[in-house]
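Here the chain labels run A, B, C and D in written order, and each chain numbers its own residues starting at 1.
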């Protein structure tokens, strides 16, 4: 009992700590690739602290939904994070929900964000919400199928179980092709869900292009801080999901301190690498038009489906 | 008395044949009053037939039937119809749904049909009246056909009465007369029907100023 | 027994008594809905006891009319549905006490009240009936009474149209149901369900298939499966809102009950795999198309009605999966699928009723159903808003509410398809899962729209500006359902064993024990290995972590008080016209799925005389093509009417023609006979 | 047998009186009295028949069994309802000057003659007398149909007279043939048309003749019943006649004609396998049902609508008799009863509507529920009952018919031709279900048409210049009673009626 509580606390802290770092890292990479010096990697932490201290300004048009949303988003994203194994496969909250639960926890956050975007009654918020709506709804099928492809290989939909088994090389098919396709699909989904290029540009406030930023345009102070942090968390969760599901090597499969240490180290490295790759991608691609995003997500869906097909064909 | 019955059946067949012939005549006839006359003539033949049957079989109540026929169909109804015709001053029927030659052909066909239909049951009849059932059927069919072929109310009425004659022929000749009460009822009904129809034709004349029943097409889908 | 009598008596009194006080609407209102409340209370108890009974409780009385016997059978399936009906019934009757006052003067309270009671009673009897003849009677009574309730406001032409459309469609459905029963009659020569269950001489395969299809069409019409759903979005909104709640929440479920009864009880769960597949496909189609059409609706109640189509689809996904597993002899999985379907059945009954009551409250407060005329209502009607939000969260299947649990279970049963040997189905079921995912996401969007546009931002009309919170009874009614939603969401470990009692007789295996894992904390469909879910834990997590968020805010020690200022509108003062409308909100979706909608947009611009570059006014309208009406129903109707028109010539009015008919008939028959 | 005497004398007496009396209230009183006497005597007869079985009276002239008793019950019930309804109806017509007060005498005289003829047709022992009586009904009603003396009513009356007379005379030929066949078997010629004489020896009669006889009878009386394709007079007549008369025509006269056909069938079935008659009945039944369903779909005149629905329901009943068996026959008889009630209800409602709206166009009638609540209820109930919806009794009877159809199919009818025997079997499992499907399709079509028009009339707001609200008259009493009966019989058949139906069924099944 105590052990799982400790693990829980540990995981929470790690996620909270790591997420701003990832954001900073990506920004740095992009700056470098664009031959700028860019802000220091730790800048996001500073931003958060600052935002927390600032006095929030709330629109007179809004209702309690607007002020409640940041907490809901923060909580839902973080609890999604607690269902994903990070540095150990012994995730204490494993029983609380499988990967479908994670998807729907994210959906909970999205739902309230959309409401908040509408609440202020400005055109920007509405625009952001409506765009977020279409993107979110189109990512889900691809997400489900890719997840299912993974679940099949490990015979489970509980992430920790999947990761654990994969790490111990239990019941894994030898051929990687289904895995790879699912990985590709899930990666695209991750980009879309976390509002990254080529789906959304987190760095812009140009009303024609912004999606996520549009929704949260009216936020300030601690509310904005929470939302920013939640965004970071979401990124972290997705990265850890990808990292641990497809490359679970080195993750701590026991609760031995040593294993833990190694697991932590490996974990940080893994997600850092992924973050860098995202940074690179963001520089390589231009943002797609909203109605081109559907094509991208369609590709993701087809990839996942192919993964499934391959799995069965190779099995039988 | 074989010879007698021989002659009797011959006579009855003859009368029946004459009845049939008058039918053809009615179909061929365009003048209304002539149609009525022909009908009266037919009724006369009918009376003779009935009387013959009554005499030969000795069912005396057929005499009554014959007498009634004489009174009603030879005297009363033709009078009524004549009156109607005079009042309506329509002399002859110009347009027919089926022209005369075709009509005659069809009637011929109907007679054959009647014989064909009645043929399996004729043997049941007694020697006296072999074919009269078939003839009766033929007359009924021809009467119905007349009603279809003609347009004037009066001629339709005549057609109807011809049907009745056919029925009566069947009833008397083939079955030696129905129970008396039935006979009486039938006569009563025929009389009433004819009278009512007469009244109707007058009303139609008033309402539509014509007795051409092909004008009665207000009520339809 | 006594419970049933009590229920029956209460409803009966509720039907008759209000008619005795024609003068006094208030008394009528109280009597009718009071007794309805009592009766449904009894119904709840009856349902629960029925679920716990070891075996079915039956009672029957023979009528002097041949075939007809008033046979009642309370087995676990029936009790489950009685429970569902009565729960919704209780809430709606409480709600109605306040709501019907809106109709005071326009409609006779007595009639409305007794029809309401009769409707509830007939629904209860439908699930209890144990004789085909009796079933048909109460089934048609249900349709008839609901029809009369739909046309309550018959002065409006569209209401009349909706009612007529509904009535005819449901009667067509009944015809198919009758066919089904006639097929079963072949087996036993009797209409008693017992004879249907154990026919003297079993039906041949062809007959069984016929029964399957007929039942699917017949009950599908009532359930509103695609493409038989067309009446539903007309009829449900047209009725008074508490009736819509019952129709959408409960009445369409009686069809689900009947399907379960026929496929698993009468046909003994013995069928080829393609039956289940057909059900699955229909379910998927209904779910997706239902939500898609819902997205384009801006009439709140029609939107909800379309969502009923969607949710019926989800239920059928569960049941269809169950049927497929059944035909492959995978008992546990079959049980899981059915269980998921049933769980979603009661959940949908709860949140859909809640949402309709919410819509009713909005109607009550603003006298309009058009979402574009709402806005900013959350601050004027906080309670209604809160309840509606709960309903919206539940129907969008967001954790930790009840909608999430049942949809999660459906997902599980679809994902477990890899146990099936046939590769085609191995692929099809996950595809269905993907469609379900898309459906869920779109439903989320739709309710984000429904809630956001109606309750948030600025009021877009004077009615919305002056709306007021609804009276207490209405709020109480919604409270009941809201509580039910949350409870069903947090307590699946209690609900699942009860549902297991319903499905185990059909699936032939009990999975209630294995499904509750982690000593009652978590739900584990097959084994904890494969998947597990614990909504209480998730709820706890959410609460704790949001407190954590607050903690951070406090710990950072910024200034606590908030500065209120108007929204940034690029320097112009914010007006309602700047906010997003429902139409605008779904525009991207409309464009992405234009293949389905085939939208036609009309934009007229009236320019200023001075310059061609400034518009004086713009008129924008768009509507989407109702595919099924256009390509399925209209041709059918046209066919029959033209045929009828052709037949007119028979009755041309000519006496000679008529005589010819007789003549020809006579001769034809004579020739036949000789 | 006093009751029989009463039954025959009451209408005669009333008819005679109504020619001499001149106060309308007195006329109505006589009418009610005679109808009351009729009903009372019928109840007595029913009881004796139920207890003692078939009885003959007045020296072989009257023959009463459960079947005829059942028909009498229908005549009595509908007749009584009509005479209640007439009170307000006819008086209003007189008050509005549609008809001269003096013509009331004629009206009532004809009405009583009509009733008398139907009673005789029902109780007559001799097939011949029955024929005479049925012809008499035609003669009595033809003026009632043309009573308003408009052009249309004249046309309708003429068509009715001609078509029915032709049909009837064909029936007479059938009777003649029967007699012809019986001659050789029966000695006593004067009794040779009596059922009491024919039935015992019927199995020795010549089948050929009987077949021909039955066809003539079917076509003949079928015209009276209004079976397609001999139905053509029916819509016109029903549209033009006064409401109470139509109620009688639709409710009772059709039933009596059906009864005549059934009587004949009983004789024929002894000699010929019942599949022959059954096949013919089912054939005409289906023809009527389907055709009527389509015509109902396109009606815009509510009286014609009901007329076609009459054809439809006679078709259903015929299918029931044609399919035969306990189930089908019982259902058919029961359906006759329900239809009589529902249809008279419908025409009462139609009469009220016409008095208020002065139009038969469905399109011009709206908001009935506001203008005439009671009539609206009557219309709705009759409409629902006519489309055989639960909880109305017609649902039960139609269920029995269709169940019989699905369970037995139409027994393979022998189509004997000179080319030898050829059979069409419509009794294997799938074609049975197929037939049931056809049945249901037509039923749904009819329902659609009926309900579409009904609801169009009942709901909405009445047009300008139409008075709102309805005052209670004596005419509402039968409406209520019939409605109650329709609903009640759907759940619970009073034991006497059930026994009557069962015995009648067994009589028709010749066991």
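In this text, contacts are C-beta pairs under 8 Å (C-beta built on N, C-alpha and C of every residue); 3 or more make two chains touch, one makes a residue touch a chain.
Since the model is a prediction, treat every value here as computed from it, not as a measurement.
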Co-neighbours of chain C and chain A - touch as defined: none
Two chains joined by the most C-beta pairs in contact, as defined above: A-C
Whole-Å gap separating chain C and chain D, where each centre is the average of the chain's CA atoms: 44
Geometric centre distance via CA averages, chain D-chain A, whole Å: 79
Chain centre separation (chain B, chain D; CA means) in Å: 31
Distance between the centres, which are taken as Cα means, of chain B and chain A, whole angstrom: 102
Multi-chain contact residues (two or more partners), chain B: 117, 120, 144, 147, 156, 213, 216, 218-219, 221
Two or more partner chains touched - positions in chain D: 158-159, 162, 166, 170, 212, 235, 295, 298
Touching pairs - complete list by chain label: A-C, B-C, B-D, C-D
Contact set on chain B toward chain C in their complex: 97, 113, 116-117, 120, 141, 144-145, 147-149, 151, 156, 213-214, 216-221
Touching residues on chain D, where the partner in the complex is chain C: 158-159, 162-163, 166-167, 170, 211-212, 215-216, 218-219, 223, 229-230, 232-233, 235, 276, 280, 291, 294-295, 297-298, 327, 330, 369, 384, 387, 389-391, 393, 395-396, 399-400, 402-403, 406-407, 415-418, 429-430, 432-433, 436-437, 440-441, 443-445, 447-448, 451-452, 455-456, 459-461, 489-495, 498
Residues of chain C that touch chain D when the two form their complex: 63-68, 133, 136-138, 140-141, 144, 151, 154-155, 157, 160, 163-164, 167-168, 171-172, 175, 178-179, 182-183, 185-186, 189, 204, 206-207, 210, 640-641, 643-645, 647-648, 650-651, 655, 657-659, 661-662, 664-666, 669-674
Contacting residues of chain C [partner chain B, same complex]: 648, 650-656, 659-660, 662-663, 666-667, 670-671, 674
Partner chain D, residues of chain B touching it in the complex: 59, 117, 120-121, 124-125, 133, 136-137, 140, 144, 147, 153, 156, 160, 163-164, 166-167, 170-171, 174-176, 178-182, 185-186, 188-189, 192-193, 196-197, 200, 203-204, 207-208, 213, 216, 218-219, 221
